[in-house]
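After this come two complexes, each holding chain A, first together with chain B and then together with chain C.
Up next is the complex of A and B:
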């Protein structure tokens, strides 16, 4: 029993990370109707920035700075990266009225970020220490890292916080309005472009924070974000790109199915059920499990 | 017209420049100098550079000719290995090649050295085809100074059984290297009449091995035999701690890499692996001198992959002995000399009297192999 519980908890935590990044995809999709495919690399940027500010690379020990420094650093880097992606990749593509240029443009920004980090920093794998210590806590035989509990708390807090912000505050309602109807929102005096830029900055900061959070569980490297980015993207699709809480459910489904498959079927197939499920969702509920039905008026 | 004259004179100058360089003997060296396998590649290159510097300082070879290393990063990518090898052979005209570290890279590139009849001494890749070429009937120019997977699996399985293990679980990465090792370990186990209770695999960059370990635990495994590279093997040890399961782990020599020892931390203690060189028991004057030179030059202690550094160093010296014996840098002559080295060589990884023959291109034999154990981030020697 503890074994199953351990697997479910491990999977759920992994799923929370996917969900957090997926939430980032959703945030920009709702305002700009584009998907920022460089988000996985921004996750990595967050992990690497956190590592540089928190760990002394030579000894692999703490550099002595309090955790608030990497935290703020990562938020700033994330917001900057989001603004840059929007200004350089998304805005020009949308100006050309091209439907798909932004796909290639955001992918390109992602590749540039990754290669840049490889060139300027390192191509190795490094271990990030958790600010809460790296010992395993035991709850009746189930081993959990303190960092993992932190991941769950922070992820839920971010998702709930942003949703509250969107639903309850005037600024949040501006974002909602832009996502409903750009033209009308603009006519109502909402600075549409500014709102979109802000949504990119928020989304990228969340992704960067996700990178900082997962870093102690994975290793920090220039390639740490690639797979996370892809999996989070499928979580977005499963949960629904227009949905706020959908990614949480999508993340849990993908994360738990991975660990259970790895244990009871084969580690070689661990990603299969999640992606099969993704295809089923696309076939039968193209807007995701919790997606709104979009009626396009022609 | 005037421009042509300038161009031609520049060309002559360039050719003259090349000619002048001809008293340099070029040796190609390739390996992963970036990525997860980088500790191996970089340490090997450092070791080889030290050897070349020593030889050049002592007057070079063949009456004063200097050795020059031409190094290329294969990024542990198979296809890069093939490209680099062609560049080294066709453009740089190297007389011999040293490296690489990754089995897949080696197998994607050794065909070119064989075709061009240029000797290649593999100084890390344990699973690469070497003696297998004899069976294929090709003129074999590939040599190795590294514990092959055959020898490693014998040592790993032998140690596990000697320590009373009855139910081994195999855990290997899904690369050529890991799967090759798994196959060989299974063979050795079968020969000893033992059947593994669980065979699992993992991918490069996987960080949570909980599922595999639980399956092994449920199957009643009493030892983990692992084959992979540093970061993922560290994840295996860390996940074992997570499910509070402690059985001995014995695995490929790569468990001595710094990216295993630092990433696994205290969870790595007690892990054992076959080694050809262990810093803490390197007491011969030659080994001591090497360690000191390495520290002076690269400011690194412990060396991030001491085995690779030592094998890199020794591979250069074996080649040097062959050049002197052949009194030539022609491929076939070098090959003949390597297969029949008349001077014994006291190296870092052992003393070699006729390390190669015309039917055996493996320098390291089972008795050369030491058993290393991780202890607080360092590799110590353990009883074999």
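Up next is the complex of A and C:
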């Protein structure tokens, strides 16, 4: 029983990371109606930047800087990357009617980021240390790393904070207005392009923070973001791209299914249930579990 | 009908092209280097087959697939498992070696991969764009995981080694490998080119451009999309099966998502829907890293940049660039029609003779959540009459049309056409029964010519089988010519014959409206629904339109006319139904309806009605 509980809790924490990144996908989808396929690489950029600023690469020990430095560094890198993706890939793509232009353009930016990090930094795997140490906290029989508790707290804080920002502040309302109807928002004097750029910067910062948070649990490497990005995107689709709390539910489903499969079937197959579930959701509820149904008008 | 004669230069170009196509066959005879012929050229050929496969889905159907490496893997591993020998895989964890000969293994590999493509096709029916892209990624990753983990079948990460290739009692190793690969590439290219020129290619294009307009022309989205996916998968499987013998070794790492993206890049560099583009794109992707060794480490970065530049500055790829600068090389003969063509096929419309009422709506109700868009509507359209349907904005006219054509399924009530209940039929089935429609917000296929748009409308009248189309049999060409003339006659009917070879997106507004009618008439309908055909037209144009509609009526076709223009409605309708807030408020002859106080109230408001 404790074992199952342990697996569920570990899975749920993993799921929080997916949900956090998925939240980033949803943020830009709502304003620009595009998906940033390079977000996984921005997660990696966050992890790598955090590592460079926090750990001494030669010794693998703390470099002595306080954790606030990598935190701010990651936020800046994320915001920059978001702006770059929007300006170089998404905005020029929207001039073309076809969907595949922006899908491929954001994929291309992702490839450039990944290959760039491999060449300019390293192709190796590195161990990131948690600012909270390696202690395992015990609750009954269930063990949890301090870092994992941090993940849950920060993820929930970010999701709630952004939702509050969107609902309560005038700037957040501008974002929502652009999501509802770009043309009308623009006519009401909202700088539509600027709002979209901001949403990309927010989304990418969130992804970069996710990379920093997850780094101590995995390894830091140039390839750490690829699968993470795809899984988080699956979570977005499962939950519904236009849904607020859908990603949380999707993240929990995917995370828990992974730990359970890894334990009871095989670690090699741990990603299978999530992907199969994704295909099933697409077949039966193409707009996600909590997505709105769209009526096509002719 | 005649096609343009070849000029002297064009003939020279043709001969040079033919020689160029034959050249690779001779390479094994006079080139020693195995590296450049077997390894590089063989790789380009095999990967190009994969690009052709991807082009079918991306270029023709318009869906992005980032999972084709998975299909490629299925083909490769099927070949590996069937064809490999125990001797070549000493010490592996594989438990069975079937040691089949090459050709049967190849055929089975193609069929098995086709089945996987069939499965991949289903999500594409439900969704598209970014949703489908992630589904294809997931699909690719599932296959990738499977070949990694099923060690008994695939030897896991250690891969499968192949024995030297023997086929047809002959040895095809070294450079002679080209003799196996190249004919398959030519065959696949030939199939694709035949398909794209035919009504199949137009059906793909129609689905890509507008699902709804394609279905309304009687094209089944399910059938054509699934066929495209199965065919694409078969070709990817063929490429995979051939790939197994390229390095005589396969391992899971080759078939990762990166490879899917690489193939997509090659496709975009070269340009979609172009034979030339498919080859040149892949050739670049294979040769560039080989030419510049320093480039190897940075190749993904450079390819990424190239991809961005291609997307934004050369949306049609290198092939598009070539087409722009050397139009002669790519010119396709355009049909030219002569007066004698007109006598060949008589233009006639089908009459509705079977005595059934073309359309009966029985208490039809359509709800969207709490909104009742159409409320208990009863409507009867009689054969050979023009039935007007009018009402203020938002009164449910277009919803009614969408219920009749099957875009929406009514919440309650009965929809009957020609004596049959059609309420549960798919849009394309209703179109095939003889219900045609035009669209209020123009749904023409912009990249196709005016003539081809009408040919899409003629779709259900094409009889050639899929295989005769693939093989490019003469009967297919003959049918195509007949249909072109038929389409031309329809263009004459609406007065657009002089624009037959113009792209539809270049038409003026009034011309587009006429083309909509020609395309709907191509279905040879017994009932035609005209959804605001005169919206935005001048008085002069409206008068011409009236003549066209009256001609349709005189052929015995029932017309349901949805219109705002009172004059037009009053002049040509035999009977008029007026809707307001989804409810029928008046029905009868035009003069009766015009005098009806309810109607005046709906249009002018209660106050206006008093003053009127």
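In this text, the second predicted complex is superposed on the first by the 292 of 298 C-alpha atoms of A that agree within 3 Å, B and C clash if a C-alpha of one lies under 4 Å from a C-alpha of the other, contacts with A are read in each partner's own complex, and residues count from 1 in each chain.
Convention: a contact is a pair of C-beta atoms (placed from the backbone, for glycine too) under 8 Å apart; a residue touches a chain by one contact, two chains touch by 3 or more.
These numbers come from a predicted model, not from an experiment.
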Next item on the list: Considering only the touch criterion stated at the top, classify A:186 as touching first (chain B), second (chain C), both, or neither.
Entry: neither
Item checked: First, second, both or neither for A:176, with chain B first and chain C second -> neither
Checklist line | chain B versus chain C as contact partner of A:268, first or second or both or neither | finding: both
Check: Touching A:63, do we find chain B (first), chain C (second), both, or neither?
Finding: neither
Next item on the list: Go through the superposed model and pick first if A:3 touches only chain B, second if only chain C, both, or neither.
Entry: first
Next item on the list: Check the contacts made with chain A and report whether chain B or chain C touches more of its residues.
Entry: C
Checklist line | Residues of chain A that lie at the interface with chain B and also at the interface with chain C | finding: 118, 268
Next item on the list: Note which residues of chain C are touching chain A in the complex, please.
Entry: 58, 62, 64, 66, 122-123, 126-135, 137-139, 141-142, 145, 148-149, 212, 257, 261, 264, 268, 297-301, 303-305, 307-308, 311-312, 315, 368, 398, 402, 407, 439-441, 443
Note to self: If we count contacts the way the header does, which residues on chain A are in touch with chain C in the complex?
What the structure shows: 34-35, 37, 88-89, 92-93, 96, 98-101, 103-105, 107-112, 114-116, 118-119, 226, 230, 233-234, 237, 266, 268-269, 271-272, 275-276, 278-279, 282-283, 286, 295-296, 298
Next item on the list: Spell out the part of chain B that touches chain A in their complex, as residue ranges.
Entry: 34-36, 38-39, 174, 200-202, 205, 207-208, 210-212, 214-215, 218, 230-231, 234, 241-244, 259, 262-263, 265
Next item on the list: Mind listing the chain A positions that touch chain B in their complex?
Entry: 3, 6-7, 10, 14, 60, 118, 123-125, 127, 134, 136, 138, 141, 143, 145, 217-219, 221, 223-224, 227, 259, 262-263, 267-268, 270
